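One chain, chain A, appears in both complexes that follow, with chain B as partner in the first and chain C in the second.
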Partner chain A sequence: MPDKQLRGRIAVAGVGNTAFGKLYGNDPYDLGARALKEALADAGLSRDDIDGLLVSRIPDYQRFGEMMGLNPRFAGITPGQGRMSGASIELAAMAIHCGMAKTVALVYGNNGRTAGDRYGGEGDRYGSGGAGPWFPYGMTSPGAVHAIMFQRHAHLYGTRSEQLAHIAVAFRRHAGLNPSAVMRDPITVADHQASRYICEPLHLLDYCLINDGGVAIVLTSAERARDLRKPPVYIRGFAQATRLSESYVPPDDFWRAPLEAVAGDVYAMAGAGRDDMDALMIYDNFSPTVLFSLEGFGFCPVGEGGRFVEGGRLELGGRLPTNTSGGHLSESYMQGWALNVEAVRQIRGECGARQVTDAGLVQYICAAPLVTSIIYGKEPS
Partner chain B sequence: MSAYRKPLPAVDDLNRPFWEGVRRRELRLLRCEGCGGYRFRSFRLCPKCGGDKATWVETSGKGTIWSYGIFHKAYFEGFKDEVPYNVVLVELAEGPRLYTNLVGARNDQIRIGMPVEAVFEDVTPEVTLVKFKPAG
Partner chain C sequence: MPDKQLRGRIAVAGVGNTAFGKLYGNDPYDLGARALKEALADAGLSRDDIDGLLVSRIPDYQRFGEMMGLNPRFAGITPGQGRMSGASIELAAMAIHCGMAKTVALVYGNNGRTAGDRYGGEGDRYGSGGAGPWFPYGMTSPGAVHAIMFQRHAHLYGTRSEQLAHIAVAFRRHAGLNPSAVMRDPITVADHQASRYICEPLHLLDYCLINDGGVAIVLTSAERARDLRKPPVYIRGFAQATRLSESYVPPDDFWRAPLEAVAGDVYAMAGAGRDDMDALMIYDNFSPTVLFSLEGFGFCPVGEGGRFVEGGRLELGGRLPTNTSGGHLSESYMQGWALNVEAVRQIRGECGARQVTDAGLVQYICAAPLVTSIIYGKEPS
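Showing the complex of A and B:
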């Protein structure tokens, strides 16, 4: 576990994002640069204040630094995988804690929509070493991997597609309250069930939205953040665990082992428990991931995720408002970055019609071969 | 005969013995000489014990269906006329799993836990694929 002494010592000073959707004429560098300008303005900082830079999905940190005129003391890059958003934020927190940098800009740019990314077929790089070995059998796409995992979950626990629909319906309702969301028209369980299969048992409305967009987050020490434009949003806890061995195929346990390990660590570091969370931001590349996350973090017993998400529990006004922005299913697939920004904005009370009342603690969770979780707080401890 | 348009295996130095085995109607796995563990992936070192000596051995070709999905979208041009087609994840009796296709059964007959056995399909004059059918 990260040192408990780190609780509340690092804070988010600024967040920014571009519009989401089809943004012709912007490559990932442009999208990242536009988001970073927003995040710096949000924090009341200038480029000269940035002494750490981590880019993700932007292909080359050097070119990005050149473009922005930056000479940070600390620089790095993570691949454009969703699990890397949480991992990058954690890395930035560590860099600040150990003195490698005072203020780190995390910058993400994704032009997948206008570039025609398909996440399946010849360009598919998902999984350990890529999906190429399975192409002769027609096996491709992260969606199919999650469809096959969900089929297994359904077999073991009786989980039903209609239960996944409640996740999609809840997030779409939230997106309707978010002016930045791409898909805002309400949907029903019947709409979900009537949407076409992509890889059965998953329907179109179980899949995230490929879009263009940029997101940036500026992290600094809690002391420094207190002197800046916006109230600090403290990082109360963070943790990471993996399941990389034999990860060329899905795990038997729906990543429960690393999820449980992260849960134990992140709540201990934050000094808060799952029942203290006012909202959740769950990495929803596909709707079943939400079930795996809720079960792995102990919000419900193993196998009961399907029943748990029924009855509006994840909706605003329910016990556990989740993905209040609409998430990847309905806001935009910004690979976890925009979910972390939403967590920050909820804590600040900036979410307008989708605001969770008195959001004091908001937790980000990503279930994948590399599991991360970050707990954001209004107070440092 | 029309040309075969689906993706073909990417054969390299590491996995060539696997595909040569399939050509001879053998489903082979690497077996570590150190710990005896089987692996589907053709890594040079054993992921379990780190041993660097392993032998390709013929397996029983038997297994069970761990899970499956039915593709309604054709991500590959060559699969366009086949949707909806199945992809099954088979757990071999020796332990390792592999993605493949189930033949000899309709998609709505596929069940998790179903016993299956390897069959070999010559798809081009040079290339054979290993698929599975319900164990008889």
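Showing the complex of A and C:
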């Protein structure tokens, strides 16, 4: 696990995002640039303060740097996969801790909606999925992989599609309180059940949105963050683990091994436990992932995720407010980036009608072949 | 610059490579896997000891992990650009220092020769170059960029093509002492001058080779490395800096700003100066880069690189043995990876007929829009 000495040593100084939706005529560079401008203004920093740059889904860090007039000391790119948002933030934290850079701009731009990007299959330029060798058997998209995983969960534990509906309903309710969210009209469990199958047993409303947008996060040392415009949001803990050895075959344990490994590490590093979390941001490419994440991180016993999410537990006012922005299902599919921004804004108390009272610790979780988690805190330890 | 506390804290435990050349029927995964097997054997480690994985030019870390049965804690991929070899090794060192992994496998595989990969232009899948907006004016490949840069150097300082020839001759002489090198027949300055122009003023013998091959490096903490099969080769210093703001236009100062920044940082971190280096490994995609690197790192005054490389100074037995493997010009174009392996083998004294006597400090340098340098040492400080 990351050295516990890193606890609270790195902080988020600024966050920014564009509008989300169909943004015709914008490429990922445009979207990333506009988000970065917002994040710099949020932090009270200028372009010249940036000495680290990590881009994701923006095709070329070099071209982005040229366009923005940046000459960072530390520069790089991560693949345009959702699991890479958390991994990128972790890389930036490592770079700052090691002295490679003082202030790292993390920049994401995605024009997949208007550009017609595909997820899975031959048109997939980002390696986002489909189950390689199983492709000829119909596993042609990430959704198909998650459908068969949920099918297995249902078989083993009796989980029902109606239980997934509670996730979609909760997140949509949150989106209704978020002016930036793309899908804001309330839905019911019945609406979820009546929505058409995309890949049975998953309905349309189990799927994330596909939108255009840009997101940026400015990370720096805790010391430096304390001198900037907004109060620092500290990175209390972070961790990652993989299950690559069976990554192209849906794992029968729903990535439990890496989820449990990351849970152990991230809580130990943060010096806080799952019961201390005031809100969760769970990577919800498809609604079943929320169940796998909750079970893998020990919020409920294995197999009981379906029952756990009933009764409004994930809603604002419930015990474990989750994806208060609306998440990927209802705000926008910014591949984890906007969920990390929402975590920061919750800690700062900037979330208006969807604010969690006294949010002191907010946890980001992404369940995938590479599992990541980051715990954000109002206090450094 | 990286925290000086990192000096000597990370070490190379194992290195490996495949044969180089035309290796029909191998994809980058095959080549990387075979190199990794060699590196693990070299370190006396098994697959299960690997808890970090960074691949480069291998298209997908996930598929490589599945193929090799790896479940690392830390995993990722860097673009298949030459500057990313040094940057990847630096990332792995950071990950180990931060506790994200104990033992990181860095794996590179390139079947570009038999697969007909292009560098620059529409068939370029790796972003390796050509000068974006200048493409219609003939800047269709990295070689064209370097040709115009050398033209400018010649104009400013009177540098001559015959001086580049001394670089090619020196590296070819070294390749003749390296059984793994692809081009081993001696050449003369006259041969260089008689070789055809590829992009005037650069001749065929100013260009790197294009070969298939795989390279792997296993990195771990210095403490752990001391218990392994081979003596540790310590990372004494590393640094990076960029000049992205003008990256697609050949810079008039030959990347001097980031080269000087990296020089300052890497020597300070290593606690050693340029005069302490027993050998250099300079990224030689095209021979002029060697001049730019030597000048930018202060081995000779600005503009005097041409005179500096005359008279055998870069040859074994000269003051500054450089690219003792033959480098990219004559061993194989493994995009910096094999140069780092050669640095390790020189420190270990494993280089046979091309061994530098008592090689205690060997420096890797890559001049590009993202400049990197790594200093390897027999002792940790």
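Following the convention adopted for this analysis, the second predicted complex is superposed on the first by the 363 of 381 C-alpha atoms of A that agree within 3 Å, B and C clash if a C-alpha of one lies under 4 Å from a C-alpha of the other, contacts with A are read in each partner's own complex, and residues count from 1 in each chain.
Going forward, a contact is a pair of C-beta atoms (placed from the backbone, for glycine too) under 8 Å apart; a residue touches a chain by one contact, two chains touch by 3 or more.
Since we're looking at a predicted model, the values are computed, not measured.
A.B. asks: Between chain B and chain C, whom does A:356 touch in the aligned arrangement: first, second, both, or neither?
C.D. replies: A:356: touches no partner chain.
A.B. asks: Which partner chains sit in contact with A:149 here, chain B, chain C, both or neither? Use first/second/both/neither.
C.D. replies: First partner only, chain B.
A.B. asks: Once chain A of both complexes is superposed, is A:198 in touch with chain B (first), chain C (second), both, or neither?
C.D. replies: first
A.B. asks: Considering only touches as defined above, state whether A:250 meets chain B (first), chain C (second), both or neither.
C.D. replies: first
A.B. asks: Looking at A:137 after the superposition, I want to know if it touches chain B, chain C, both of them or none. Which is it: first, second, both, neither?
C.D. replies: After superposing on A, A:137 lies in contact with chain B but is clear of chain C.
A.B. asks: More chain A residues touched by chain B or by chain C?
C.D. replies: Here the partner covering more residues of chain A is C.
A.B. asks: After superposition on the shared chain, which partner residues are touched by A:268: those of chain B (first), chain C (second), both, or neither?
C.D. replies: Neither chain B nor chain C is touched by A:268.
A.B. asks: Quick one: is A:118 in contact with chain B, with chain C, with both, or with neither? Answer first, second, both or neither.
C.D. replies: first
A.B. asks: Go through the superposed model and pick first if A:72 touches only chain B, second if only chain C, both, or neither.
C.D. replies: second
A.B. asks: So which bits of chain A does chain B touch that chain C touches too?
C.D. replies: 132, 245-246, 248
A.B. asks: Which residues, counting only chain C, touch chain A once they are in their complex?
C.D. replies: Interface residues on chain C, with respect to chain A: 1-3, 6, 53, 59-66, 69-79, 87, 90-91, 93-95, 97-100, 127, 132, 240-248, 257-258, 261, 369-370.
A.B. asks: What does chain B use to touch chain A in their complex?
C.D. replies: For this pair, the touching residues of chain B are 6-10, 15, 40-41, 47, 66-73, 75-76, 79, 82, 84-85, 87, 89, 97-101, 112-113, 123, 129, 131.
A.B. asks: Going by the contact rule at the top, pick out the chain A residues touching chain B in the complex.
C.D. replies: It is residues 118, 120-122, 124, 132-141, 144, 147-149, 151-152, 155, 196-202, 245-246, 248-250 of chain A that touch chain B.
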